[in-house]
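Residue numbering begins at 1 within each chain, and the chains themselves are lettered A, B, C and D in the order written.
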Amino acid sequence: MSNSFGKIFKITTFGESHGKGIGVVIDGCPAGLTIDMDFVQSELDRRRPGQSAIVTQRKETDNVELLSGVWQGQSTGTPIALWIANQDAKSQDYSEFADKFRPSHADYTYFAKYGLRDYRGGGRSSARETASRVAGGAIAKLFLQQYNIKICAYTSQVGNIILEKNYKEIDISLIEQNPVRCPDVLVAQEMENLIREVRKDGDTIGGVITTFVQNVDVGLGEPVFDRLHAELGKAMLSLPACKGFEYGSGFAGVSMRGSQHNDIFYKNENNDIKTHSNHSGGIQGGISNGEDIYFRTAFKPVATIMQKQNTLNEQGEETTIQGKGRHDPCVVPRAVPMVEAMTALVLADFYLRKRNDKI
Amino acid sequence: MSNSFGKIFKITTFGESHGKGIGVVIDGCPAGLTIDMDFVQSELDRRRPGQSAIVTQRKETDNVELLSGVWQGQSTGTPIALWIANQDAKSQDYSEFADKFRPSHADYTYFAKYGLRDYRGGGRSSARETASRVAGGAIAKLFLQQYNIKICAYTSQVGNIILEKNYKEIDISLIEQNPVRCPDVLVAQEMENLIREVRKDGDTIGGVITTFVQNVDVGLGEPVFDRLHAELGKAMLSLPACKGFEYGSGFAGVSMRGSQHNDIFYKNENNDIKTHSNHSGGIQGGISNGEDIYFRTAFKPVATIMQKQNTLNEQGEETTIQGKGRHDPCVVPRAVPMVEAMTALVLADFYLRKRNDKI
Amino acid sequence: MSNSFGKIFKITTFGESHGKGIGVVIDGCPAGLTIDMDFVQSELDRRRPGQSAIVTQRKETDNVELLSGVWQGQSTGTPIALWIANQDAKSQDYSEFADKFRPSHADYTYFAKYGLRDYRGGGRSSARETASRVAGGAIAKLFLQQYNIKICAYTSQVGNIILEKNYKEIDISLIEQNPVRCPDVLVAQEMENLIREVRKDGDTIGGVITTFVQNVDVGLGEPVFDRLHAELGKAMLSLPACKGFEYGSGFAGVSMRGSQHNDIFYKNENNDIKTHSNHSGGIQGGISNGEDIYFRTAFKPVATIMQKQNTLNEQGEETTIQGKGRHDPCVVPRAVPMVEAMTALVLADFYLRKRNDKI
Amino acid sequence: MSNSFGKIFKITTFGESHGKGIGVVIDGCPAGLTIDMDFVQSELDRRRPGQSAIVTQRKETDNVELLSGVWQGQSTGTPIALWIANQDAKSQDYSEFADKFRPSHADYTYFAKYGLRDYRGGGRSSARETASRVAGGAIAKLFLQQYNIKICAYTSQVGNIILEKNYKEIDISLIEQNPVRCPDVLVAQEMENLIREVRKDGDTIGGVITTFVQNVDVGLGEPVFDRLHAELGKAMLSLPACKGFEYGSGFAGVSMRGSQHNDIFYKNENNDIKTHSNHSGGIQGGISNGEDIYFRTAFKPVATIMQKQNTLNEQGEETTIQGKGRHDPCVVPRAVPMVEAMTALVLADFYLRKRNDKI
């Protein structure tokens, strides 16, 4: 199994939902970076359970502890290990589900693949693993600060409630003002209402996150397999519940003609080469061209519902299962910081890889 | 730069559009596989230029030559190198474009990244590179034959012409019966007409490819970063002109409720564990569950058009550019074998990785 | 920086000598392995400071804590994280050495490379890092038990005191009977005396460790770059203070003629293919042939001595430095379990890689 | 199987001794490097068969062909593929050996590992594979020219004939003046005589190569697993017939005391930090310190001898075997450029990795 992501700026995550805790080792962070642990904690706070009324009420403060790699406030070039102890791990009894396969969960595939599984809260396949990514992504964000990169993600759809504005029209200061992380007061309220309603039914709902990145240097990404958007796509699709990724014109672009879709170059007042339109989503031939990068990611409805469902157990016998308590009715609000973290990890890695483009 | 794909079953591609040729090294193919070079050639024939009236008329027979790794018809476990000499490389004069940036091509980003570029036909960023992938993918397909895997891709949309059937309703024997590779005679004809019309305008158009894979073992893919769909997504997004990827319910799934979306387990007549629905697209928790895998990939309109466009040259001066001759008006028909090849490479790699799941 | 070792059975180590502790993530251990934490602890006990009168008296119990990857006593296929908290970290004042470069240490090269360094006890470059390796190696040993592999290392030279027997002549039960880990009572006593004498002078001394591995399957190792002995060599040379590696006939073999050196094949009573002699050290063409693997590793005298030495500080000014207290006068006795651990890690990795040799 | 070496500056080799030819893909060479193919050819000429009376008389001109990655004489950042067609491949009949295991060759281990093997001339396990490395190493040397690095290897021992001078005392201009590549006219003559005598007996003999590297920057190598000397050691031990590696004081250093062995720092007239002695061999804590790097590598006698030997065939039956014709009586003279090539590859990789040490 591989639990690592990145080539130069690389993270390895470990830990289970209901074990002692979860952690991440960031290997490849250059020396001399000021490590602001308050910032790392604040990123985790954006992801943590219990942050609002519409997310899981699991009690986890997700306090991050620095284990290694920092000396007098600065990265030393050695591996930075971060640890988040589980706090709410023992309070819930999963034994009823011990040998049942929750529908559309990883229970069955894990069991078939490995021959055994830690059934408590999904074990390693729990979305709790993403706290490690958010912590690692926070270090990547700190690294990217020197390049003045701005990464911004927000909820643009929940169920059929769609934010019709594109990313250039939104007021990003509104994102963190509401629990769904949608930068429009009215649409956010509709989304929140839908999530509450769905939860009341013991059900769940999906959504879409839109992300954009500004002030990106020209030249990130590689031309063949490791195209910038291919790595971003993999990063996003590796998040729990993610079902789709499109960048720039995306699926809608297939109906356009080349003469409409092509982004015409021009020189701006600073003599920088820019494009009039940006159907390319800031990436041409797999390499950033300095325009805004933007992409959308689809998240399915959470598989754990509070309704009774038919299923099988490990012996292959028919049985029923019903979710309990503290699960997210919609993954999207908490997935926003995860998407940002994975974006930051991809970009940090490519900033380092870019250093070897020329002799 | 990295030009390799895969962890165990790994390919490395090399070569440029207008250099001596292009090649691929397949490292990690187990010993004892019968290497049918006629099959490899037949896969390349499905991708090659000039195969029909609606693709580029560039004259390349794409004859593949086996350089190493096979002894008495079988793989030896050593690297299999394949070589495809360029034949039509010198017949066209690219000098007019030598210092101009073709809009929405990799010209500018390459130049900015590396400080120089082989401008002839896009050099390394040419779609010609995908012939190496198709050759490598053909070896992967041969490897997968022992598992009885069936990979099938086809054109499901060109511009606004959409094949409304889902993959279970199609007659796959029709796919290779028409130049657009759409398994519906009437829709295929409409697509072909659109492509001809677009080409007459000196323009290009995008499209969508749908892929499904049958008879997949349970247990392919890894639970965290290297989820099966994440690797498939990266593989697809690394293809030229690919702008989006979705699997299973994809973007449409976001509007569903968990109670609708969950795939309920049951046991079939052979005592195999199956699911009634398959919104999961055959993948749960990043791991194949034995149901059909299916996904869709979006391809933008080709950037090279036969109309005059404004652009800049390497000196940053304004100029115009106009494509010449032999380019694809729509990438999708020839992308079908590319999509299959990348799918095969991902699956072959995971079949090998799976051998180490258990002690 | 890379802090990982292995391709499939892979460890990543982190932590500093005087930070909170040190750890290791073992990623790629197959599921279903019984994890005996008492065994892991016992291996650490063989490496720990203070174990005898002739090693450093630093007070570290090196208690290992299991953080993840094990469920009901068995590996789950997910990353196994182990943590060893530092206990004696704060008791010593390193501030005097804060800006001085200890001769033949990593102080200067670290500082030059990274621009800063954690000077406390060598930080990441401390031999304390090897506890992580011993912990990871213990998991590898548990994995190898199913193959009945026997790895044995011992001290064969300290300074000029040489154990003249070859590995076949020794009584391995004697190795752990004396503090130098030499399987000969008299020679061990001489070695111990030399170490005591050297320490009394405030000085240090080097030595040699001989290792042999029995019951190895045929077919471990790969034929080109990743030859079994090349990976073993890298593994050993990555240990602190290791200056040389030779396997089989080694440096002495250069004076032999091919007709003497060649190992002639025969079939034994079980119809197994064996060789009469074993100058190959159990490895031919980079691949194990089923004979005993054996090799020797040279360790230099520890750089920290209790005598006053001239040196420079970070400002490049001349100064003097004198080691204090609790350092090993000879690294070899405690390096024995490190050598075994690295050997186990290499073999476990190749056992997994071997699963993909054939279709 | 892995046929790649290096992390950033990475080569992948392919091809067999008696197939169509052998090749190498260099992936990761930065753009903008002037590629002097005459230099690449001259390096291959130093390795090629038939270059003198004391090496194999196989007729191979080893003409290198550039397949990709260079445009107008400069590297483009894309993979550089080089190809060396086999010329003498079909002239010899290996069928007599087809099912016999040559003693101390890779024949048996290959067959056991892969279940089949290309027996012609050793197939992939042939030393012919090293021509790919020398070609790749030549590109690495071109890359290192910008840093003014000087890599020099020479024969310091053949059988019992030992060059007693250390590397600082030799006249490097003499190395290429004699067929054994020993920088001492008289000792070279003795070595040559020994090789001729050994060959007359139908036998072979081993030897030692000494290598030194000058003008190395401070900071190459990484502190834990990828220590500079560990990668050099792996690189050397991956060469055919290499049995041992030691750097700096090496095995002799074990008898020294720390007070003798430590290299005391001082500042030279240019205010550079240097050491008075250099027992460290230019590497401290795994990282270059700017002093000369030097190391020794042991090569066993070639396994193919012209005398009749007992052996087994693939059926496990007893038989005899006798080498024919054109083999090296001593591998060392031709191994000198191989050692230099592998050294260059390791250093080029670390020069690129070093770019990411600091933010």
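FYI, a residue touches a chain if its C-beta (ideal position, glycine included) is under 8 Å from a C-beta of that chain, and two chains touch if they have at least 3 such contacts.
In this text, all values refer to a predicted model and were calculated from it rather than measured experimentally.
With chains reduced to the mean position of their C-alpha atoms, the one farthest from chain C is B. A count of contacting C-beta pairs for B-D and for B-C identifies B-D as the more extensively joined pair.
The geometric centre of chain A is 26 Å away from that of chain B, both derived from CA atoms.
Chain B and chain C have Cα centroids lying 46 Å from one another.
In terms of their C-alpha centroids, the spacing between chain B and chain D amounts to 39 Å. Counting partners per residue, chain A has 1-4, 13, 28, 31-32, 77-78, 113-115, 124, 223, 357-358 as the residues that reach two or more other chains. Contact residues of chain A toward chain B in the complex are 1-5, 7, 13, 101, 103-110, 112-115, 124-125, 129, 157-160, 198, 201, 203-208, 218-219, 222-227, 229-231, 233-235, 237-238, 243-251, 253-267, 271, 273, 275, 279-281, 284-289, 296, 298-305, 307, 309-312, 316, 318, 354, 357-358. Of all the residues in chain D, the ones that touch chain A in their complex are 8, 28, 30-33, 75, 77-78, 143, 146, 223, 352, 355-359.
Residues of chain A touching chain C in their complex: 1-4, 12-16, 19-23, 25, 27-28, 31-32, 66-69, 71-72, 74, 76-81, 83, 113-118, 123-124.
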